[in-house]
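Each of the two complexes below includes chain A, the first together with chain B, the second together with chain C.
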Partner chain A sequence: MAENQPLAPASEGALDMDQVEYTLRKRLPRKLPKRKNDIYVNMKTDFKAQLARCQKMLDSGCFSEICIHGLGLAINRAINIALQLQGGSFGALQIAANTSTVELVDDLELDEGEPLTRTRNNSAIHIKVFHTLPK
Partner chain B sequence: MENYQKTKITELPCPHPIANLPKDIIEMKVKEGSKIRNLMGYAIGKMESASTTEILFTGTGKAVSKAITCVEIMKRRLKGLHQITKLFYKQVEELWEPIVSEAGLDSLTVKRNLPAICILLSKDTLHANEPGYQAPGSFDALWIHSLKEEALTQRKKRRGGDGLGKGGKHPGSGRGERPKKSRS
Partner chain C sequence: MSGVNRKEKKYAKLMRNQPSNFTFSSADPGAGRSGMGPSEPQTDNPNYSCFTSHQGVNGDHGQQQQVGSSHQPSSYGDRQRGSHRGGFRGQRGSSRGSYRSYSQEIPKIITATNFAQARAAEINAMLKAVTHKSGSQFLQSLPPAMRRRAMSHNLKRLPRRLREIAKKEVEKIAQLKKEQSKSKSRKARRRHGNLLMEFNRRQRKNIWLETHIWHAKRFHMVKKWGYCLGTKPTTKSYRACYRAMSKQCLLQDLSYYCCLELNGTEDNLLKTLTCLSSREAGTTFASVACLSGKCQGSLVLYKADQYPEKPLGPVTFLWRPKTLSENRQLWIWAHPALKMDLLTELQLVCQCLDVPVPEPAPSECRTVTRTPVKQAKVIGSKRKLHDKAGEQVVPEKKIIGNGTRDPLETVIWTSLTTGIVIEDLTMEILRYRLIGPLSHCVMFEAIQAAGILKVSLLLEMAFCEDERFTVASKNSEGREETGLHSWWSEYCESPENVTLHNRQEGVLLLLPGIASPAEISAGTVLGLTVGDPRLNMPKNRTTAMPDPTQPKDLEKIRELCLNGVGAECAQSQIWDRNIRNIVTETKITEQELNGMRSKLLVPGTRLDLGPQESKIPILLVQQPGKMAGQEHTGWGSGWDILIPKGWGMAFWIPLIYRGARAGGLQEGAKHTQYKGLPHFPDDFPDCPAGMQHSEETEKELIAKYKKYPPAKRPNYIHHGTMTPFRCPWQRLVEDWETQNQDGGIKPTMSDQEQGLRSELQASNREAVGVHEKGAFEEISSEEKPPNLEEKMEEESESMTTLEQNTGCKNIHNPSNRDCSSKSGHVSILRNRKLLKQVSAWCRPTSSRGQQTRQYRGSAPVQMTADTVKSVICSYPRFLVWVRLSLLKKGSPVANATICIPSKEDLQRLASEPNCSGPQEPKHRDPFKQECKALRKSQKKRTLPQDSETAAGDLERKSASSFGKVLIRGLWPTQPLNVMSHCSRLTIGYVSQGDFSLTVGCGEAWGFVSLLGLLRMVLSQPAERRGLALVRSPASLQYRFAKINIEV
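On to the complex of A and B.
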């Protein structure tokens, strides 16, 4: 896991920062319930692979809609995937986006074992891609 | 590309994806280098006064997640805001010019499609049928309905198989998960 540089004291008496290295461990975000048509986008997997997976799910015809989720830096990628799917469908697909906040918890551990937890908030996007109902 | 540097970026004008906006609506253009503190200070000040009812946040490229963060902070401070989110591509033209003007290097114009987002926050109720609409305080509206339907069908299946199968729920195991736990 990533290790922080030793924190330097800010100023005498202002903040009591320890000159110790913390091991930063990010807890996995609480995963929303995953139906078959939920796709979570990340920055590690190849973009083309994620795009092809979404396209296959839509083409297979089992689902009338798919939901693409992205957290933090993956928001841009999720938007890109959704817009590319829409662009390649010649107007047959529609997009609806919702945003939310996800709480992330970091565990900071010292060698002696005094675990500290820090929570931070991150933005998430949920994009629903569905076939427009023919009128 | 090491010989070139970006000199000019022009955004090609495109109509707002959200139609029927009043001309005097406050548009917060979130850029990559915008400081959230400054943006929120201005935006919240305007919304807290009763005069403004709607505010628009737009961002392109790297600023998209910053725009979403601003909107989320706003919704946390002011409850009861309705939201419409729109995604679109923004056309941008970049002008790259050679750093050292060598003969044979021309200026390049690069056309790019950047993902962009446009979020409207309003104190009044907005069209609920509009794709991208989010009621105040909800973020799971997109899937909660189908989730509940699935839960109902699952329960019906379980009740139907009670006489034959194991019967009763397995505590701690979700749908489709193996109940085996690894030794910790």
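On to the complex of A and C.
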């Protein structure tokens, strides 16, 4: 979930920044405290592995529901995983999705002068996958 | 036979005292035996044997008879002699042979004087042996039949005539034993005072960190840079430490880093320090954010005005936020290997006198710091130490800080012209590093901000001071009346300070709401005053975890992440030397603390010291994690804690008890590696400390290599590795430079040419064989044509116009040229602008990194032959720090070569993606014959003279021709032509390589020649740019790797 932030459009934001040269460094998105049934999806790990991980979690019986989170580019993948889980369960699983906006911080390192920070927003999705009849 | 054995032993003992000229000569017995037939068995002839002994030829017989009983049957003597012969002359047959051969040479005449002289020596020896009895010989002077076992115990059992001698002997032995048994019993040695004395003795040579004993129990310790440091835990914990770094929290004691304090007006400081660094390389001392004291900066220092030629090494620096006084304080933290270079350079720049102005303050301060616990010791110790004279022995003081330094040695240098004061704060301030996302939680739980304390409150407390504070208050005798922590109460008097403290505390309380230190801006500094961390320790080791249920002020956290901590919050009293000293002195010892704990009403509850609790000013400095590159940003971020000395263990244990795992030097190196940064001193081959380090490691590795038999170690000559134990940067750069001169900058010579060249070399080697030396000379003379430098200069001058066009400015062009004309220097490219440009060129066009331009404003310079040429001309001898990630298998090791793949290699990779890479053909060992000859000659040392001289000649020849001792499997000469030694052109070397746990494949970090890199990139198709080959020194297999330059 950390690496999957999509690249901000270049023209966005400060026009005056174009005048000076700077280095853009993206900070990590804010990490939220993680429960055991939270799954953060990223674009680096193999899709199959992530799907299997979710499936295993559901099958283990420890959790009646799991939460799949995706940020930016990984939204697609999060949805995909949730749908695959639902499709493979023969109606035993249901999904409920929520969307949100996450604020991301960028550092602009100028060659001279004080470094700047700027914020930009990115969308995120949180999908709850749960058993229709809790075990 | 036992009797005979004993005799033999006795004989051997006696022979010890023989003069050197008196030997068991082989000619003499023959001379005495001339009359008899040599084949006659000797045992049959007792009389004759007696005769030989009487001749005095065998002095041993004479002695034997004197020492032993005076009357011996002749047969006994004969048996003796037989045994002697067995013992000293080897087999009987051989001795008989010698009789035969020498029987002819009987001297006709014996000169009386000569003969008598020779015998006189023997007699002397005999007398000496008889009169001088060593050891317990008084017993042995008795005949065996008269000896009794108990005699050695009770002297009165000896015959009276021997008693006097025996008494003396016994006394002597007793004295010897007394002298020897200096070591006390274990119990005595472990007694506190003695143990402390022993510890203090041991830390006079190498500095011990305050956590030394803790580390020594758990770590492999090494002595390095004048310190005793733990390298790695003794437990198997390589992966566990990695997991701690990336998911939990790893704690490292970095107190061995040296801190230098510069004190002066801001203008003066900045003016003097600008010449040590350059804007081109990134941060300088004058960077705005750093100058306010808000964040810590890091940079590479150079010798004054020598950028980019002579770097000293990397440092981090910290400005004290502005105070009321005009002077600013600057701390420069440097590695101990670099400290002396840095200090001399700073003194030079600041024009500080070599002979310091005598200042009373520092010496006084030092005496105070040297005796911090003295008073407490005297009061606390029940056992009064008295020596024999009855005087009280001054109890040994625990060394806090630098134990190796001479107390009279100066640590402060003042400049009269600029008014800058340099102070060496080595070991005055401790530095602990917490790495990992949980470092927030660990820190938050271990550290609690101190409570506000006012003088009025304190006075009130003084009245109702109850019994448990008596010990502590006794300590404060001689200090001010207000009590132990007067500085803190004074500090709290001012309402501004109180509000500042509250703000700092507020920031600390926000920290657990932030999941990872990487979310805060890089290098944030937070000053704090905290209470004694020993007081709220958990009973067992726990793991600090973030508590999701805790309410959080999200708005404030967001504010903190965005804007960071204000500059005024970075203020801390730790900058003040006096307060540091007070804090160190007034530390309540562990013993006292435990004493107070034992008096608690309910055992096990928290000890509340109220106003007597120590207040410690500290600094928290955020360490940014991985900054460079696109992947794994923020990995390995954490916090540094700066603590005044003396408080080391008081902070260490609470941190450990919160679930931090301790790491050593090895973990520190891995941490910098995974962050993609060069590690000091290994990866700074252009710094003096780095050069020294590489020399040392080479020596070590060669010694280790030589320990193995030739069959059990790799033959590096066969593998085509000229320097398996170091990286010949200078040769590499020079080779590329000459290559550049010869071949121009046109894209690489065609592969056939390359192949031809290598073939030619190989054939050269084969044909020349032993006469390799000549060939080498030819090559070397070819390599350095006298007009080379001139040619280059011309070229670079013609390039200046081009440079301006391309926007690649090179301010230091003249200095560059100067340097490159000087032989023997390598520089590392640290110009950020150029690095960014090169980095963009090395990326394949299709990759994500190319799409996001790192900077806008000036359009990135397109890679054309012209632009490349201009870069090459202005930076001919530069190395670039690169990270290589392997595409498929393999994990390269240090000193592996980085090569340019040929066109066929790239085609093959495109056609079959699973191919592992090309193979290097096995090289021929031209030194094999010589090695063999040398070994043979060494074996034949004992042979007759003529062959020996021949061997010696050979050896001398080989030594002179190669200047180095031949070691089988190692290239004996200084490497020549390292660039084109193998079938692929070498562009660089790996300085560290390993299987990277962050990426999950082999990764290597090293330097490549800028010329070679650009040439490689130019020749490669756009979609496959930046592909290189890596080959470990003991392998023939090349592996494909991707070159990344991360800025």
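We take it that the second predicted complex is superposed on the first by the 109 of 135 C-alpha atoms of A that agree within 3 Å, B and C clash if a C-alpha of one lies under 4 Å from a C-alpha of the other, contacts with A are read in each partner's own complex, and residues count from 1 in each chain.
By our rule, a contact is a pair of C-beta atoms (placed from the backbone, for glycine too) under 8 Å apart; a residue touches a chain by one contact, two chains touch by 3 or more.
All figures in this text were calculated on a predicted structure; none of them were measured in a lab.
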{"item": "Partner chain(s) touched by A:G91 [first = chain B, second = chain C, both, neither]", "value": "neither"}
{"item": "Contacts of A:G61 with chain B and chain C, given as first, second, both or neither", "value": "neither"}
{"item": "Contacts of A:D107 with chain B and chain C, given as first, second, both or neither", "value": "second"}
{"item": "Touching partner for A:I127 - first (chain B), second (chain C), both, neither", "value": "first"}
{"item": "Chain B versus chain C as contact partner of A:T99, first or second or both or neither", "value": "first"}
{"item": "Chain B versus chain C as contact partner of A:I75, first or second or both or neither", "value": "first"}
{"item": "Chain B versus chain C as contact partner of A:P115, first or second or both or neither", "value": "second"}
{"item": "Set intersection of chain A contacts, chain C complex versus chain B complex", "value": "32-33, 35"}
{"item": "Chain A to chain B touching residues, read off their complex", "value": "32-33, 35, 38, 67, 72-73, 75-76, 79-80, 82-83, 87, 94-101, 121, 123, 125-128"}
{"item": "Chain C to chain A touching residues, read off their complex", "value": "279, 288-289, 437, 514-516, 518-519, 521-522, 546, 548, 558, 561-563, 627, 631-634, 832, 848, 851-858, 1047"}
{"item": "Parts of chain A lying in touch with chain C, wherever the complex brings them together", "value": "2-3, 7, 10, 17-28, 30-33, 35, 103, 105, 107, 111-115, 117, 119"}
{"item": "Residue ranges of chain B in contact with chain A within the complex", "value": "61-62, 64-65, 68-69, 71-72, 76, 83, 85-89, 115, 117, 119, 131-134, 139-143, 146-147, 150"}
